[in-house]
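In the two complexes below, subunit A is the common chain; its partner is subunit B in one and subunit C in the other.
== the complex of A and B ==
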């Protein structure tokens, strides 16, 4: 396992000194899969225009928790959720919430790059058209802007009508981020977005996330503690369904309060 | 025994079985084609069958086969595809769903003669459609519907789950995700399945014996008014299809060239099914390329 010395980890962006306003306020959230109590009484603020990392060993409930924020867990028939997640003064766990609208404002990028088996431009324009954008000019412009934002424009501008599946894994993942950005969300959820990618592509995505956090709130689930240390402003450590510790990344990595946090980040388990 | 020897034995057994399978299939196909091709001529394909004189053709039977197939597909494809989408995408796992799925499976493996008898009772007698194109097509619908449902459901289930999640996570509704992402992605496999099932329907005889009938009225191929009794398009006339014709000339034909007609018809039937299959593959490939971009 990784022997990580806390003092050699650089905290490149912990320049955020004053607290940003809270965008999503998670209070006493419990998630069940049938009888299995997967996430236990989690309370955590998610700050606007910053990166919050969720770390913890496999099966600790971090992905489950992430998928609850835009109600993707609704797809799993046995999943049940209690508590509140306030977003714009609405509890998004309320069954009456329009999940379609919610997911436009809280976008998601998955572990496995999942471009649609369509052309590159169609991948970005399909959700836009569904959202009601009709003008060809606007569609083209947004496609270009989003691809530029993720640094993919120069790589693909001559083959926008080629299949998105012909791109490399890293390019596909950046396309998926671009596609999520096209809807102008407030929050972007990323579920281990780099774990299927090579180191160079991962580094590109990390750089991109650091740029994006100036305009978006980002929540990222990661297996990679160095990644959390490199890019996150806040980090939450999950273990066996419980939120063990939450704080600024710097505090959590240098002076963890709980012993299990210290054990995990120093690589003693997980 | 040495594991290398086991490996070699396993390989030889598998190769032997594969060779046996290929030999049986190829020799059967070869036999039908060799015996039948010589009797196929333009005259054979474009002449009506004669009841007792030699030199009859299969024009009406060939037309009936395609017409019944067309009506069957018109009935089964929309219902079957929608049913398959329902089972794959909307049905909640539970007792009712698994019961429906079991029904579909049982229906798919129902002996076709049973479907024929059912069609005789329900469509021919109870609904009073008589021996007709419509009765035949409805019986074949019972026979083919479960296949289309299965093909569609399997096509959807074979898609990676993250495609659907991707669509939903981008603020699209479930239906829009199905329509714009899942259905196009599953379309090539569904289409291939549909065309292959068309081959099965085309060659079906037992289900049609008691529903579409063993005779065809004198068809006037100049009369395309579907209400006229001698029109090829009339749904309520009896219609002997090619495969039923093979059966009927072999069992009760009194024309002197029974063998030639049966052999020729069999070859035509096999060639049609072969064309369906090749067409299915080609079309699936082209559409796959088209939908997924170049």
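== the complex of A and C ==
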């Protein structure tokens, strides 16, 4: 059994050895869309400065769960959420929480690259402007820093005034990551960030995420199990709205406790 | 026995003891029989052709008629469009200065756009962003009804409500440039609002999500992301409204006061290209100088309308490239 799994996944040397403190503590979270119970009683710790991957077949609730962490589900009128997600000793699911402030600390990157149809520099400066930053010097400095962080600076430094939509798909996605970094959030949520990209661009994003995890907590939803195995420190397997198994990536991929986890990661379903 | 022309061939093939499939002639005939299609094609081509002929004919006719005043009646084109004296009936030395009407038309159009645009964009944002359910269920039909109200009704309301209001509060007769602009502004409001709402709805949801995800409020999302993203189509909506305002005759004529002089302020009565044509055309004789001059005014009207269309096209094209 283990041999077979080793055929399909290869681990990078990134697997954590020492346990990091918990940044987000998710306890008994239930999410409903109207009558539909989409996420059922999920409890997982999300560790600081590490990558947590959420895997599972389509419709298993992993994206829904991700979008609850920065309350993006509030935009769907029928969505309802129970339980607690503690972040800096605050339950962020509390209706009194200001989602605008929350999203400044917990950023998000989407499946389809969605840069604003504005210039490259404006894309990164807009979050700062929303937060009230006016100083031109700061705006310029942050633009440069963020683009350097995602490795886009050398590619675009001569055309910062060009439209962001003129970039390639992979570049656009890295720009979106840079945009999410502009406000220096603690947590970055990524919803299948590479599924719309070609393999080379995907590899670049994966490398980038490995670099970013030294300063940010990263939660990534992915359909690609190899991707989870390559970059994630922790992996959570979702199936039909339930959290089937959570553990370090190495444990989950080599010695899964549950049969359905083993079946899924060996490609027997999903 | 009912046979159409394709089976009649196949039938004779069967008669000779061969399968209809290997009867190449009939199979070929069936494959190549496109008579019904060509008939439909001809019909559609004819309608398109008719349309093109109509537009070309109108333009051509208006051009020929409109140029008569310069070619046949030897009026100076320059003094015609810049002159401010409009005394076509003066027995000796009649003068045809069309500038007050060109100015009146443009002034009414721009003032109407100025009045209608903020309200229309606000309505569009309300319909498309704030109260989507309410917007599509109630506002949209209401706006469609407003678009369908005949302009004479707007004129009547202007005549009996807006003009007396202006008279009471600003003096004068109440029939003036700004009254005309208000009436036309209200008239184009639903057109602009409905096109603007469509263009706001066309902004992909992914941009709104991106905006919320970087900690934008609803207003920041609307003003800094959604409106800029729908920018060129919003301007298209405004220009389309303006072209409607520019061509409007009846409602304007009922409230603008119809003065031949260049208005000194927005509270002075004025006239537009359309109102002067509708007012004067009835009592001219074909071939008279005044008749020719009115055709020239019509030609100017058409040319400026074309300019509006060119602007809309240009903006639409620019929107695509982005």
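The rule we apply is simple: the second predicted complex is superposed on the first by the 261 of 270 C-alpha atoms of A that agree within 3 Å, B and C clash if a C-alpha of one lies under 4 Å from a C-alpha of the other, contacts with A are read in each partner's own complex, and residues count from 1 in each chain.
In this section, contacts are C-beta pairs under 8 Å (C-beta built on N, C-alpha and C of every residue); 3 or more make two chains touch, one makes a residue touch a chain.
Computed from a predicted model, the values in this text were never measured in an experiment.
S.K.: Mind checking the superposed model to see whether subunit B and subunit C fit together on subunit A or clash?
M.R.: clash
S.K.: For A:199, decide between first (touching subunit B), second (touching subunit C), both and neither.
M.R.: The answer is neither, since A:199 touches no partner chain.
S.K.: Identify the partner contact of A:164: answer first if only subunit B is touched, second if only subunit C is, both if each is, neither if none is.
M.R.: After superposition on chain A, A:164 lies in contact with subunit B alone.
S.K.: By the touch definition at the top of the document, which applies to A:103: first (subunit B), second (subunit C), both, or neither?
M.R.: both
S.K.: Looking at the overlay, what does A:119 touch: subunit B (first), subunit C (second), both, or neither?
M.R.: Touch partner of A:119: subunit B, not subunit C.
S.K.: Looking at subunit A, which of its residues have contacts with both subunit B and subunit C?
M.R.: 70, 72, 75, 100-104, 107-108, 110, 112, 114-118, 126-127, 130-131, 163, 165, 176, 179-180, 183
S.K.: For subunit C, which residues count as touching subunit A in their complex?
M.R.: Its residues touching subunit A are 204, 206-207, 209-217, 220, 224-225, 228-229, 322.
S.K.: Looking at the complex, which residues from subunit B come into contact with subunit A?
M.R.: 92-93, 160, 162-173, 176, 180-181, 184-185, 291-294
S.K.: Help me check something: in the complex, which residues belonging to subunit A touch subunit B?
M.R.: 70, 72, 75, 77, 100-104, 107-108, 110, 112, 114-120, 122, 126-127, 130-131, 161-166, 176, 179-180, 183
S.K.: Which of the residues in subunit A end up touching subunit C in this complex?
M.R.: Listed in rising order, the residues are 70, 72, 75, 100-104, 107-110, 112, 114-118, 126-127, 129-131, 163, 165, 176, 179-180, 182-183.
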